[in-house]
Every structure is written in C-alpha cells, then in structure tokens.
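Which chain is which? They are A, B, C and D, in the order written, and residues in each are numbered from 1.
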C-alpha cells in the first residue's frame, strides 16, 4: 500500500533517471538524512553529483534554481518548510514568474519549487502555515498540489517536465497517507471523472442526486471524503467532490459542471479564510453561475498555535466540514 | 553566590531541563518538535553572567538555555512546551516562539537578526543604556538578512552583540558544506570587531563575553562573539548524521565536567540535587495546569491604545 | 487645492511633531531628494535625527522597524517601490504580523510600512505592480489604502497611532490627485456616508435608485467616479460607490448595506484579477447575501509591460469599468 | 581592429547612445525612466573586450552600456525604450528588463545575483566552458541575496565574476551612508579573491578584467572585480544631490578623454562621426517601427514542450 511520500520520492528518482538535466537542491537533503520530510531520501546516494545540499539560504536556493532553469537545466528546489517561502517571494514573483513574458517569450523557466505545508504536527506559528494562497494568481507561476487520488508521482514528474515555473505544495500530513487506489472500496460509492492535462482535476460523483459540491485540494481531500461518507451514511445527504491538482492559474471548468448539477458550493482549505483559495473559487463560480449558494471552510484568521488544543480550534476539521455542508444543504 | 558555583548551577539547570524534555518526548508526553542545547550550556551561562537583566535578547530555535540563563522559570517553559495556559506565552508559541520580559525568540533563521538590530537602535535612541544581543548558529550565516543587519548595525554604531554559536553543524549539514571562507571575516567585512573562542569552558566564555559586552555597552558599536562549541544531542530529535565515535569524542568537551572540576564534590552534589528537584517540580506543576481556551480577538482599529511608552 | 502627496507629507510631519517616538526609515529619503516620490520631503531637514536613510536592504528595513516597534518606538518604513515588498514578506508575515498573537498578546508592534504601488508610469514589469493582494488576509497585519475622498493625512496618522502593524499602500498616480473636497461640485450628485473608525469606508449614494454597487479603493476611486458620472450622464444609470480605506482585515458591512439596496456588485482594482481583493469581497458578499450578481474588473493576469500601449491594454481603465457596469446592470 | 580603437569606439557608442536617450526623454519623446552609465563606459568596454561572446551575463538597471558592449544593437535597444515591437523584448521590458542571446537584465537590486550564480552552476554542470558575469553597484551591497550567493558560489567553486561598479553613489546615497566596512572584505570573507581598480582608464580595466576572467575561466572559482568609478549623470533623471563643482571635478576622469588621448585625431573624429550616424539611424529606424499588439497567452499545461537542450 504505497504512501504519498513514496510516490513523490519515486517521482524524483524517475525524473533524475530519465532526464539528466534534473538537479535537486535544498537544505539537508543528503543521505542518510534525506531531507526534513524524507522526500529526497536515497537520491544523493543514487545521484551523488546531482543532489546539492545548500546553506540555509532560501532566497538564493530559488534564485539559483531560476538561473539553472534559464540555462537549460531542470532544477527542483526544496524549501524545508513552506512557511519560509516568504523568503523566496521575490525570486518567485519578480524573477521566475516574470522572465518568460517580460523577455517576450524568448525563454522558459522550468523550475520546480517544492515545499511542505500545513499544520497539526505541533510545530507552532512559523512551521505550520498554509501560505500557498500568497502565490496564487501570480501571473506566470503555476501552483500545483498533489493528493492521494491522482498519482503524486505523475504530478511531480509533470511539474518537472513543465517548461514554466511550478510551485509544488505538499501537505505534511499527506506524506503518510496511503494512495486512494490502494484503499480498496473506500471510494466505491463515487464515480470518478478526471480532466485531461498534466494537473488533472477529479470529480467524484455519488450514486444519488448530489445536494452540493465540495471543492478542495491536497490533504483536505482526506477530510472532505470522510465528511462526504459521514453525510451519506448518517444524513443521507449526497455530495459531489471536485478535487483540484492545479490551484493556479485557476481553471475551474469541472467545478462549473458540477455546480450546474448542485447549485451549491462549499470550498475547503487549511489556509486562513480571508482571501484564501476559496475566495477566488467562490467569486469565479458566482460570476459564472449567478444564483448559486456558496460557503467556505478554512482556518480562523489567526496565527497557528503550538499547543494542540489551540491548533485544533484554529484549523478546520472534519466536523467543521460536515456542519458547513449541512447548513448549506439546508439553505 | 560564588561565581563558579553560579555558573555551574545555571549550566546544570539547562542540562537537566533539556534532558527531561527529551525524555518526555520519548515517552510520548510532549508533541511537536524541540531543539536542545546540550553541550553548549557554557555559552548561555557565560554570556548571561555578564549582561544586565534589562538588556534585550533575541534568541533562536535553540533558545531554552538562553531563556533559563536569562532568568526564565523552568516551570513556565515546561508549561509552554506542554501547551498550557500558564506557559510563557500561554501555549501559543511553544519551544521556538516565546517572550518574557526583554527576552524574545522566533523560529525563522536569520529573520530575528534585523529585528534585534532594530531593538538596539530603539535602545540607543531612547538612551536606556541597554544593549541588544542576538543569537545565531553557524548555519544561519547562510541567511542574507544577517548581512543586511550587520551593515546597518555598523553604519549606525548600534549597541548590539551578535553571538555566533558555531556548533559545527546546521541540522545535518557540517560547516564545510555550509560556510565558505572565514567566520570572523563575515563580521570584519562590515568593520565589526570579533571576539572568538574555541571553548566550552564557561570561564573563558564569560571573560570573552565580558569584554565584548563591555565594548558594546561603552558605545563602541556592534561587536560579534564567535564561540566554537559542540552540540551533544541531535538537531531536534533523531536527526543526527554523526558517527557514534564522534559523539563520544566530543563528550570530552562537556562544559559541566570541565567547569565542575573547579567545584567541591559537595557543591556539585548539592547543585545536582537542587536542579533535579526544581525541574521535577516544574514539570509536575506544569502538567497539572489547564489548557488555554481560544480567545479569538479579531484585530480591531484600536488606534491610540498604546501602552508602550518610551 | 491640496494634493494627496501634500497630505501624506503633512501627516508624517504632524506625527513626528506630536509624538517623539515616530521615526522614518527608508532608501534615499533625505533632503534635498526627499524620497523617490517625495513623501518624506522636508522631514530630514526638520527632524535630522529622526529620518534615517538606509542601505538598499528592504528585508532589514522592515525587520529593524519591527524591532523598533517592539521596543516602544513608532517607526514608519518606506519601501521605495511596492514591488519590493516581496523582499519584506518574511518580516511582514512571519515577524510583524505574528508577534502580538504568538507572544500571547503581551506585545504590540506599532510599525507602519509605506509603499508606492501601481502602474501607468512606464516603469516596466518590476516597478509597476499592485502586489498588495499578497498581503491581504494575513492574520495580524492591517492593509490600509488612502484615497482622495477621506483625508490621507488622517489615515496615515491613524496608521502611525495604531498599535498593530499596518501596511500602507499608496498608488503612484494618487500622489498628484487633488483632494476631492477641494474639487467643488464634482461629487454633488452623491450623498456621502462614512463609517466610524480610524480607517473609514465611504458610501456614495446617488440621488436616484442605484442599479448596482461599485466597490473600490485607493486610486481606482478616481476612475470609478468618472465611470459613475459617465453612466449617469450618458446612460441614466445610477450607481452606488463603496470606497474602502481598510482592505484587510476585511470589514465589509457598508458594502452589505449597499448591496441590500442594489443586489449587484462590481469590484474594481488594479492588481491582477486572480485572487485579487475583489475575490474576497465577492465571495464574502455572496456568502452573506445569496442571489446577488457579481462582476470583477482588474488587470489581466500578466506582468505589466513597459511600453505604454501594452501597459494600457493590461491594466483596467475607465472604459473597462463602464462596460462591466453596463453589462452587470443589464443582467 | 586595433585594441585601442575598438575600446574607444565601444565607449563612444555607449556615450552617444545614452546622451541621445536623455535628450529624447527631455524632449518628451520617451516615457518611463532610465538609468544611464555616462562616465562608467570604461567598465563595460574593458570587461567585454576580454570575455567570450558565449559567456552568460546578468546586468542590472544600469545596463545599456553592458548591452552595447556585449554586442547588442543600438537600434533594437532604442526600439525597446520606445516600446516598439522590434525592441529587444518587444517593448515588454523597457530599459531594465531585457534579454538577447546570453545577456539578461532585471530591475531588482540584488535578486539577479543568485540567478546569475545559478547560471554559472548550470554552465559548470554542462561543462560548456562558459563563465557567468553579474553586475552590481555599491548600493547593491546592501542586499542580503548577494551574500547568500557569494557563499554558494564559493562553496561550489562556480565560474562567475562578480563585477562591482562602485560609482560612489546609490541613487542619492553616498557610499559612506550605505556601505560599512570594506568592499573587498565583503568578498574576501567568503574566500573570493578580489581584483580592485580605482580607475576610469579602460586599459587598466581591461587588464584587471582579463586577469580576473582568466582565473574564473581556468576553474579557479568565483572572483570579484571591484571598479571604483564615477557616474557623470543623475541616477535616473534629475535625482542628483551632488554639487555642480563636484560634477565638474569628476569630469577629469572622463574615460573618453583619458583613452581618446591615445588615438590620433583622425581616428577619433572618424569614430565620432560613425557613432553619431549609427545612433541617429538607430533612433530614426526604431521610431518608425510599429507598436506591439497584446497577445494574451494564458500559461497552459504545456508539459514536455521544452526547446531547451543541454
């Protein structure tokens, strides 16, 4: 029963085997440690010259990766905690994302920046955030997030093969999730549709008429599908789930299709609520499909506490999703 | 109290506190992560023996020792690590994000340095006579914000001591892989004088720190203090690439043994008993404390409510 | 006829005169130059010890200001171009915004970071952006934007008097706008309501029944009110305008009141469209008032070109607002 | 062509191009902003006379001279500044954001340095024999990203030349207010060797650059080249706090006069006529060119379309 971590690790290995332009760089990524979350484990042993452990220099890690990408390599940079992406904001926004367009499409910048995100590990205010929302809607920058339903390995390989910069966000709790395909039966109540393209969106359609659509990404899919099962079993409320792999640019067609069926949208994310991912999803959905009802589940607009009980109160949990879905269904 | 005994006691409390912490983690009684300074206690003890209680301190992820040497209570730190309402910051910050009196920590490498430099500027402006201290590790020499701060501290002759604790490793990265050129050169390039010691002897560190702090306090502008030391434990928990032999070898630099030799057996044993019992009590008391409730205060436009006066 | 620039300059002077804790720091802010956009002109002459010109170190400028604020001063930092706020993201998000809450409300961080934003000066891709959206919805950080209707001086003084960190965004084209009060008659067709509080929102209510509400902030109010006049004169379509000074935290009550009257919302901003300010405004409005119709006007999701014709095509202009309003009114 | 004449011609084209630019701005024919390198032409001319045409160059906001000395056409640069479709980057980038062959610029101080360092790493990995060059000013010593890059360039022995053009001012800020300590020390701290010249004599710069580039190309790792020079014009347009006397005084360092003295009157006059006419033609031609249309290409998931091969 493969877990997401293994698939990501495999993707890096596969990419390095099949394309000699692929290089990894990041803090503490050498064996035997293999990176803070072990995504790069084994790779420095297999490719000793192509796995570069760096000083603690997040801005320069991404900056150097940008330069490598401009000169024909395919660097994959790891930022140890997504919270530190703030230090790379200038390189992402004013360099990586801009080069192609401002140089009149004469260059491509095939860089991937990977970063673990998310809370519930008791790491406190500066090591638990979901800051991806800061980087959504940056022209020229893609933001991609794996989940346990699609293959994280394919997704990461696609990001590495992408000619444009990709910020690849990995939730810390997702690493140890087993892949859905291997969790037999769990999704048997849904018919699954998948979009074409490198970063597919998945629509999970229940057997009975759905009362609402839940949009989500990444680790939150784990919570959302538990919520969906609970709603189905205990309340006989059926929901459709739209699970995105590509957050930015926003490409919401599958969601619109679902909303035409349900007319009600619940967005779920772990980042803070205000101007989170769900804001754009809701705004776009409403602009497109006037009259639909929307609701958002997200973290409270607070830093994330270290203590577990506070952290739990701040981050959105399974019950928050269920409650919001019930409220929305009842409207 | 006798200087030698006081230094020993400070180091011992740090050691026993952090050992207890690791034990609690292993027993599954604490969650999250933590970075202990076992092996480096002489830095904290030596430095805070020569500072003023009112001086302003910014410490980093490896800050328990600094906090305790600064005068922080083991009980409140233990409570903080347990996420209790009675913790230093009510369970919100945990190991890396605390504040008490003029002591502050944050978990972002390098980012604390400009903040501490701004604090030094504030104290200079207010003419309080306080100086600022900021703690970094060898790995933090990688962060650009450090150099921006060194430049400004030097340009404006700010009363700040940059303490570099070089424990030869940044997480799993040895200095050879992380730091090019020369450590003192990094400060000297900005015209900042350097005090440097390769030692875990608290008396040596105390004397170097005393000189360095003296220069800063007398208006000499920023100074750096580089201490080459050894970390005995893993970076946080279990992330240690060093060989067992190496871990045994560096135990010869144990500051408790080096300095303990200067004390009588009686003093040592008494200190040991005190440390153990005070830490036992701290953990016991903290563990009985309540968890905090969530008070969601949405920041309002609370203009003019400042309680901070110069 | 005072212009916005003069009011901002006056505010700094006034704040420095009335509170000795106020210090300015930033690049090239000394006289005779007085800062790239002259907001600090004259101040280093008046307060030679309290205006600190800095090296080109955006991260440390904000970092130092954070430290000064923690220790009882009231620093006002200038970032020469808002585009460079990317370099300060870590100090804003992981330091300034967090200290108060993570230190259990034991400290306040009364720092103000001022930054000129916006395009149409032909400054090209790295000197023309409206990046404020990256900093909206950051718990603990306020984002405040002056306009020509409220007094920018009062607004900036309030930000300086605020005990929490404020990011203060000044559009480059706003500097030379005359204050509305002095432009006699221009707003005579509207009744103006203003919220209480330090960072007021303004509701401009037309004489006849409004067909829609336009929400905006900062310099775009200039375009929006021209559009409103054009719609009124040429199409006999009346609109209500809600003009915000505080962007974050989002406090949208006056907008909701207006939408109860109009049922239609048009948001206008200069930043790129995807996950811009208008996304949260729309999402929140729809969640609160199901059934309303929304539309957003913003920049295309592209970097901003240097050449004027391209820049004009990318940024939203008066006609874009008029067209969108007509479309929305017709729905 | 004779080395002396070639250097003179390069400097002259830069000078006349930028003078023309300023005139066009004054006449209201150009909009936006621009930074000219008048007075500093010897740097560009000297350095690009010893580099390889395939070397990779990252220049900054003050990059026209670098571009022209690199071999860029005045016509395409003029067109870019006018926002024309035929401009170096089709009018999208303007003065500070261009790319042609292996030449790149960006308008963010400091941010270009890690990018250039990554380019050096790529060329090293690909074993192309190319080196990277990156240009910074004295003011850019304030940016932390620079030091992060110096560290990594030194650790990994990357083939990069850091060119520091110290024109004594950052916008309106004199070096004394912006740079503490020592400029060479900033590089030496990372173990990076320094070539330093206080000169506007293009031959001196050529020889220093030749040595520095030679070390980098032969695998000696990163090198820095510090040139103390003078900017005759304002920072961009009109922002110059210097006294008129000072502006007159520094004219004695005019690289065109210093080096021009080595040429015959005839050569000089011929070069002058050529420069003027070629630049006239460039601006004339560019001004007749069409404006670009906006092609909005929303980035698609164009996986695997890479046209970049090692």
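The definition used in the following text is that a residue touches a chain if its C-beta (ideal position, glycine included) is under 8 Å from a C-beta of that chain, and two chains touch if they have at least 3 such contacts.
None of the values given here were measured: they were computed from a predicted structure.
> Report which interface contains more C-beta contacts, comparing B-C against A-B.
B-C
> CA centre of chain A versus CA centre of chain D: separation in Å?
Result: the chain centres lie 40 Å from each other.
> From the C-alpha centre of chain B to that of chain D, how far is it in Å?
45
> How many angstrom lie between the centres of chain A and chain B, each centre taken as the mean Cα position?
36
> Could you list which residues of chain D touch at least two other chains?
In chain D, 92-93, 97, 106, 108, 111, 141-145, 148, 151-152, 155, 177-179, 298 touch at least two other chains.
> Mark out which residues of chain A touch at least two other chains, giving numbers and ranges.
54-55, 57, 59-60, 83-84, 87, 90, 94, 98, 101-102, 124-126, 140, 249, 300-303, 305
> Building nodes from the protein chains and edges from chain pairs that touch, which of line, ring, star, complete or other describes the result?
It is complete, because no pair of chains fails to touch.
> What residues on chain C touch chain B, complex-wise?
Interface residues on chain C, with respect to chain B: 20-21, 23, 52, 54-55, 57, 59-60, 62-73, 75, 90-91, 94-95, 98-99, 101-108, 110, 140, 142, 158, 161-164, 197-199, 246, 249.
> Chain B touches which residues of chain A in the complex?
Contact set of chain A toward chain B: 27-28, 30, 32-33, 36, 53-57, 59-60, 83-84, 87, 121-127, 300-303, 305-310, 313-314.
> Within their complex, state which residues of chain C touch chain A.
Touch residues, chain C against chain A: 83-84, 86-87, 89-90, 92-94, 97-98, 101-102, 124-126, 131, 133-134, 136-140, 248-250, 272-280, 282-284, 286-287, 290-291, 293-296, 300-303, 305, 331.
> Looking at the complex, which residues from chain D come into contact with chain A?
Within the complex, chain D contacts chain A at residues 56, 88-90, 92-93, 97-99, 104, 106, 108, 111-123, 125-126, 132, 144-145, 148-149, 151-152, 155-156, 297-299, 301-310.
> In their complex, what parts of chain B are in touch with chain A?
Residues 31-33, 80, 82-84, 87, 91-97, 106-111, 139-144, 170-173, 177-179, 239, 241, 291-292, 294, 296, 298 of chain B touch chain A in their complex.
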